[in-house]
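One chain, chain A, appears in both complexes that follow, with chain B as partner in the first and chain C in the second.
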Partner chain A sequence: MTNQTVIKVGTGATGFWGKLKVALARRTEGRGVALFIVIASFVTVSQPLVFTAYQVTLGRIALIGLVALGLTAVILMGELDLSVASTLAVSGVIMTTVANQTNIAIGILAALAASVVISLVNAYFVAIVGLNSFIATLGMLFALRGLALVLSDEQPVKLENTDFGIAFGQPLVGPLTPRILIFFAVFIAIQVFVSRVKAGREFLAVGGNRQAAYDAGIPVKRRIFTGFIISGGVAALAGVVNSLERTAADPTAGSTVLLASFAAAIIGGNYLKGGKGSIVGTLIGAASLGMLQVALTISGVQVPVQEIFIGGVLLLAVLTDPSSLRAVWGSISTTFQGIKNSLAK
Partner chain B sequence: MAKETLTEAIAVAKAPEDTVAKKSSSFVAWIADKGIFVFTAILILASMTFVDGFASLQNVTDLFHRAAPIGIVALGMTFVVITGNYLDLSVVAQAAAAGVILIAVSNAYNLITAFIVAFIVAIIFGLVNGIAVGYFKANAVIVTLSTTYIGLGLLRLLSGGSQVFGPFDGPIATFGTSKLGPFPYSAVVLVVVTLILTFVLSKTNFGFMVRSFGVNERSTRLAGTNTGVIVIGAFLVTSMAAMIGGFVLAAFSNTAVSNMATGYDFQALAAIIVGGTSVFGGKGSVPRTLLGVVFVSILSNVLVLSQISYGWQQIAIGSLIVFAVTVDALGRRVGKK
Partner chain C sequence: MRKSRLVLAPAVLLSAAALVLSGCAAEEATTTETSAATSTDSGDAAAETFDVYALLPQGTDQAYGTTYLPEMEAVAAELGVNLTITNSQYDADKQASECEIAVAAKPDGIILWPAVGDAVRPCLEAAAAAGIPVTVTNSDLFDADKALSAGFSGPDTYGQGVASAEIMCEIVGGAEISIIQLNGSIGNSTAIDRDNGFTDTVAANCPNVTILDEQNTDWTKATAQQVASEMITAQGLENIDGIYAADDSIAAGAIAALEARGVDAADYFITGIGNTFMGNPLVAEGKLDGTVFQSSSWDGGNAVRLIHSVLTGAVSGDRELLLMPSVKVTAANATDADVAPEW
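Showing the complex of A and B:
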């Protein structure tokens, strides 16, 4: 499709404002920032508690955003990974089961190793067999959910080392819990990888025009494997963090996470067809959603109303996408042209 | 991706002729095209021989009761899949809304009012999804995801999230338990919906446009079709089917609750894919989806009868989806050579 992030460097980049304009034109987070500002100002006026109790808000943002960060790596390449929800459940179950028999460190390693295997299977079907990633990972979503149930005997698995789990939920550095620290560490790692490392920058090329990327000598298949390993690994990390904090692994976990992390990535301006988007955008999306959720919860709004709000925000984000607006403007102007033509006759 | 889908779609459109020409040489392509018929026949025969209690009248009735609601939803969703828009996730909210409205409103007012309210709700769902996907060209997965959120949220808010029960001697309960010969009424509805939708998809102008849109969106638009209307139509068909599926589901147990259709989105898609409808759009038919529904229902029925745990059933269905799409992809690759 038409690539709208045409790099205009050198054509209109004169002076500070020109450069700024060019820099802004290449960003995709515009709508995310706008939404963030709207929600933030709304929250500041009505529920300042969201900012005073910032540990809670940050915890919620980390909960929503962790999986979304990994997912973004795949979305940048124009692929989807639905299986993250089940990867999260499977890795939690594996981590607690192994940790109960040995210790937590080996449990975490086992969970991450499992996620790499899962990601390799996903990427094999997408890159080598050539399946649509949406459908291939849909199959994995089912299969892995089944695997989590089989491994856990359809029961939540309790973590026996509860002391560690309880300690894990406590603030580690200042007021920040390990979950929040892990979230920001993952954010920085993926952001640096995607924007500063060659392999990561090539993700955008693979997403923008796969054939051109291939012709330019980018190892497209290897990049797809890397992307799926990132999204699977981060999902496994989220599963481990969840299970440690709750001192139990829920084999049915993950379905709400899937929806929330998609919402965060979309609101952050990531382009589902690939080639455009950023990790920062996903962070902004997760922050907007997290603030909204905490504010609604503090205000005592019922859960269904919160769902309506999140759905509404997501729908709004999709409909105000520049390409959506252009499409609908095209339809309207065609219709008016048609009316004008028929009137002229 | 859009460009890929376009080329994929053209490749899909070409595939049938190629497969016919090279039928003898390409076994995989043949399996991809006709395999579902063979596999369903083998599955039925094997189940009848090896699984105790499969062929009993009680089990067959039970099978129909389970297959009918999800089957009706899948039949309608075939339209959205054929237009190349992946799926309609919001059928979960739509079917649940129809079920809850049917029982709650008919308790409070009467059956006719309930039908009218459910119909209006279904139209609203179809229009919102259809306009967002057809005119705003938004991604169908995300749009229907958000309408699922909104729909289920509204439903829980209005119904209080609790289960609603119909009177046990009311018309809904009677419909849910009655049979026509060995077939429960729900199975009859399933067959009627199949016949109607098959006619719509293969004989009407609208059905032709839906298939044409799935094969090549651009050329359909350039041929002077208002493509937005086609997409809205496909989503409306899905909404109507989801509504009927919700009715049947609610009538079966004579109760309804907001989460009763959980999992219908992906289960319906699984049946559609297994039936051989391509997720790239353009290729597929309503009877194929019926066959897919029959296959998946019999498979899970056999797994339940063999006392295999729910976890293993999920693994089986997941592997089945991957297998079906792999065969589809390989078949297309063979067809292209």
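Showing the complex of A and C:
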């Protein structure tokens, strides 16, 4: 006779509240939501203009969030893509240069095609050669920065069809500009891919335990290629949008994008080691960061002080992670225990 | 128990943060109210006050900004201008976003210091559509955009390049020499104007000066030293007789690059622009042959005076220009009080 061990799974998951509790426990956005509420409360009290001029705030959220959404695709797999800032710059230069010689549609296609090539190179070094993604994409960051400067002859490239650029920055649906609409479209597309499509759902498995993902038959390398293509493609799209809105491509663009994008992803509860996180979390993180930045800008707070605020929010997001809290609590307990023991002696 | 502690801890932390942040906001609001009351009590009751956004690409994070901002704020307090100052850190996208915020806040006026000259057209159009007058400070707009602003105050950046070239032509005399040129940051209109002013004047006044090569920097000494060092390697030290630097920090970097090769910078023809705390002593020592005085306090103060003149209707019609005089500084006058460096 064989002894059978019955393991009861989700014993508390009965009834509506039980299921809700289990569902919430699985989510990683909890801290992001809490921070969002804190920031929203602060902003409501100090700078209500952030809400009354909501289209401006949405524009800032889209500026930070677009690149962050793409970046989350690789973060979920435990990889990093530092080249997004340079991809943004070089794609803007390519789009504007090609558009000036042909038309804007071809310019956009050329920029997106270039981003695919960049992403394939990044993914090749990470998935095939086995380089650490931090190092591989850091190299790409520098290479693309140089390429943007070379292609632009070290000058901003002015979009000849200035009227189109000016029109592109105007509201298209109600108060929403194309940038905001594109941002939400990208959010929905990546969210659906990561949560509803098998290949997308496997990103979390790849990030959670790569060996187990291999063993389960998940085509890990192919998923890494897909993730980098999403990350690079969205960064290129951000470069195109920025260049159209400004009516010029700046080869040095993106200097403040990289850190802001990572900050948005982290505030949203994404784990840089992969396996945990969500696109919704990144949206919440970008919204928190965008609102805070707009409020601080309206307040006339200088950049160094703004950085203290943003750094504080980032630290709060990381420190309120249960495992960090456990570590901090454990460290404090050990220290106090040590002091107590010494005093007792 | 342990679980509930873990849940409780973030909640307590977040609540504390909320309280602190709300407290800051409340304190800030109280301070603003107090200062507003004080200004009403002490000031002329009839004096009109204006809300103005100053969209700058730098602030106290750069040497120029540290002396530009205090004077700007002092003149604003004197004239009854309530300033909201932003700093885009030379990021055109960030400045564009700040401009959207400024237009949404509907101030009486906007002072704009373009981060990237080519990228400010949409901002100017948005301000014009909202009926908000814009004046430009420090770096002027490109010609096609000038009609969208009410005026410009700041250094005559082309004139500064001219003045630096005139110093170079004077010290070189009729000798056939070759120099390298280190410009400011890419796309910055000040860098472009100074470049044009220098090269135009050299071509016209001293064609015996040959510019072997030119490169951009980010206005910092460290980058300039690296770029100059690479240019010296590429051109050969023996082929270089002088250096034009678009700024004194750049000149200091270039001089450091020369000294790293074991040569005396005083043996080279070197000119800069700015008369900064870094550049002025180099002029006095004879390592930098000449520079052009630029007053950051003049720049900051006049940015507010110009927008105030526009808002009070003191100037109207043609685009107003307030240009800083380009005073040449050489060893002969480097220690004079009227050209004492400010930044």
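Note that the second predicted complex is superposed on the first by the 321 of 345 C-alpha atoms of A that agree within 3 Å, B and C clash if a C-alpha of one lies under 4 Å from a C-alpha of the other, contacts with A are read in each partner's own complex, and residues count from 1 in each chain.
Quick note on the criterion: contacts are C-beta pairs under 8 Å (C-beta built on N, C-alpha and C of every residue); 3 or more make two chains touch, one makes a residue touch a chain.
Note that the coordinates shown come from a computational prediction; the quantities given were computed from them, not determined experimentally.
For the composite obtained by superposing both complexes on chain A, the positions of chain B and chain C are in clash.
In the superposed model, A:Leu314 lies in contact with chain B only, and not with chain C. Residue contacts after overlaying the shared chain place A:Phe42 against chain C, while chain B stays out of touching range.
When both complexes are overlaid on chain A, the residue A:Val294 reaches chain C alone and has no touch with chain B. Residue contacts after overlaying the shared chain place A:Gly165 against chain C, while chain B stays out of touching range.
Of the two partner chains, chain C is the only one that A:Ala34 touches; chain B does not reach it. In the superposition on chain A, no contact is made by A:Val197 with either chain B or chain C.
Legend: residue contacts after superposition of the two complexes on their common chain; A:Thr252 is shown touching chain C, with no touch to chain B. By the touch criterion defined above, A:Lys273 reaches chain B but does not reach chain C. Once the two complexes are overlaid on the shared chain, A:Leu63 sits against chain C while remaining clear of chain B.
In the overlay built on chain A, none of the stretches 8-16, 44-52, 62-70 or 152-160 of chain C clash with chain B except 62-70. Common to the chain B-facing and chain C-facing surfaces of chain A are residues 149, 154, 302-304, 312, 319, 325.
Chain B meets chain A in the complex at residues 1-4, 86, 132, 135-139, 141-143, 145-157, 161, 228, 266, 269-270, 273, 279-280, 309-322, 325-326, 329-330, 333.
Within the complex formed with chain B, the residues of chain A that make contact are 1, 78, 80, 125, 129-132, 134-136, 138-151, 154, 210, 259, 262-263, 266, 272-274, 302-308, 310-312, 314-315, 318-319, 321, 323-325, 327-328, 331. The touching residues of chain A, counted against chain C in their complex, run 31, 34-35, 38, 41-42, 45-46, 49, 53, 55-56, 59-60, 63, 149, 154-158, 162, 165-166, 169, 242, 245-248, 250-257, 294, 297-300, 302-304, 312, 316, 319-320, 322, 325-326, 329. Touching chain A in their complex are the following residues of chain C: 5-6, 9-11, 13-14, 17-18, 21-22, 25-26, 28-29, 59-61, 83-87, 89-94, 96-98, 100-101, 104-105, 116-119, 121-122, 125-126, 185-187, 216.
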